[in-house]
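Shared between the two complexes below is chain A, which has chain B as its partner in the first and chain C in the second.
Right, the complex of A and B next:
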């Protein structure tokens, strides 16, 4: 199934832009994040600590709703989902 | 009026459009690009979500205070020093609730709306760090 990955600010710069990622049906969000990290060394360093944990500042959304980092292993994606990755917001 | 915009914000036009017979106070917040030794400021937004958040924040403010209207316009793109970034206009019968609601709307925008700023200098670029590293739950 295909998942659209959007990213913003310094995480977008590290990943290189929006992506369409192919993952197996029912794959958890964690699986998708691993694929995104494999795009480049910059993407890996932006998203993950050296021990493989997701970096604490990475904010996740699925179809416009926040997803807690603790839920990435349990959350099963669906075809056509939009996942967004971004650092803490700084508007205003 | 609520939105993410790419053109210069016409403050006078938004204020004029906000006027209603029952409004006695229009409180305005205008954020502008400050000269911190920068050449320009680049702003980007997760637009669909940002606009939803603006609408949710407006509803929160209208529930908390007896106000008549909330307008929120946020600019994105590449901005020069002095250009308008964010306009909030709160209309109410009286000043106190308009001031309080305007400050609330601003703080909620800074806390939760997905917008980012990059300062561009002669010698490089820096993303402005978020003020709320944990973000809302």
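Right, the complex of A and C next:
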């Protein structure tokens, strides 16, 4: 199935733009994130800590609704879902 | 009642919200926390709009490297407290304004005092530790908070209405790292002015506040996106996880 991945700010720069990602039917969000991380070293570093954990401040949205990081292993995606990845910025 | 001078000064905006709206602006007290990249443009446009009192809070002094984006500070201000430099320019823009300044850092003890009896708070600080303090103080006092932040060509804005909408901690439960990132002055200008616009809307009761919505600004593509954000029942600051 196909999942659209939108990204913002530093994550977008690291990934290079919006993506359409192919994952197996019923794959959890964590699986999709791993595929996105494999796009490039920059994408990996933008999304994941060195120990492989998703960076705690990355905000995840599925079809416009917030997904908690604790739910990424359990949340099964559906064909056509749109996932948004957003790193908050902090400067002022 | 507006004076004749005020009617003339605000003639081009009074049709948008009436003399009553202009009077509300004139009575409003706005705390602008941070007199840097966001606080400078936000405070300048609030002053120009006829806000009655701006309370500026910032612990820093002007450095030359601030001048690409902190537009109230000029070359000759390097070394001065930012609040003094900013207050001088704001009063030059609009002598009808009252500016009170606090050359101080926000901490756990003084946060509620520093935002004081403001009607609304502009978050123009540059790290999330300070933002969480502001968030908690604004929640405790029931004062709306207009959040803004920038990095590079990117920015974000949201308006928190305490107890009614997602607070800063609901939206950002884990702080992004504090980093000395490059920023284009125009990015801070765009975001700071969206914050000023939120304040003007709130005070005059015009339009829809950015409540429950996070606006993302991408200056590279000149595009904005609105993400829906919801209150989190277990939020550490406004939900069941709060210790107050």
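Definition applied: the second predicted complex is superposed on the first by the 88 of 92 C-alpha atoms of A that agree within 3 Å, B and C clash if a C-alpha of one lies under 4 Å from a C-alpha of the other, contacts with A are read in each partner's own complex, and residues count from 1 in each chain.
Quick note on the criterion: a contact is a pair of C-beta atoms (placed from the backbone, for glycine too) under 8 Å apart; a residue touches a chain by one contact, two chains touch by 3 or more.
All figures in this text were calculated on a predicted structure; none of them were measured in a lab.
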{"item": "Touched partner set for A:84, first chain B, second chain C, both or neither", "value": "both"}
{"item": "First, second, both or neither for A:20, with chain B first and chain C second", "value": "neither"}
{"item": "Partner chain(s) touched by A:61 [first = chain B, second = chain C, both, neither]", "value": "both"}
{"item": "First (chain B), second (chain C), both or neither touched by A:74", "value": "neither"}
{"item": "Doubly contacted chain A residues - partners chain C and chain B", "value": "8-10, 12, 56-57, 59, 61, 64, 66, 84, 86-92"}
{"item": "Partner chain A, residues of chain C touching it in the complex", "value": "34, 36-39, 123-128, 148-152, 154-156, 171-172, 174-179, 181, 183, 188, 216, 218, 225, 227-230"}
{"item": "Residues of chain A touching chain C in the complex", "value": "8-10, 12, 56-57, 59, 61, 64-66, 84, 86-92"}
{"item": "Chain B contact footprint on chain A (complex, rising order)", "value": "6, 8-10, 12, 56-57, 59, 61, 64, 66, 68, 84, 86-92"}
{"item": "Residues of chain B touching chain A in the complex", "value": "31, 43-46, 48-50, 52, 74, 85-86, 106, 109-118, 127-133, 135-137"}
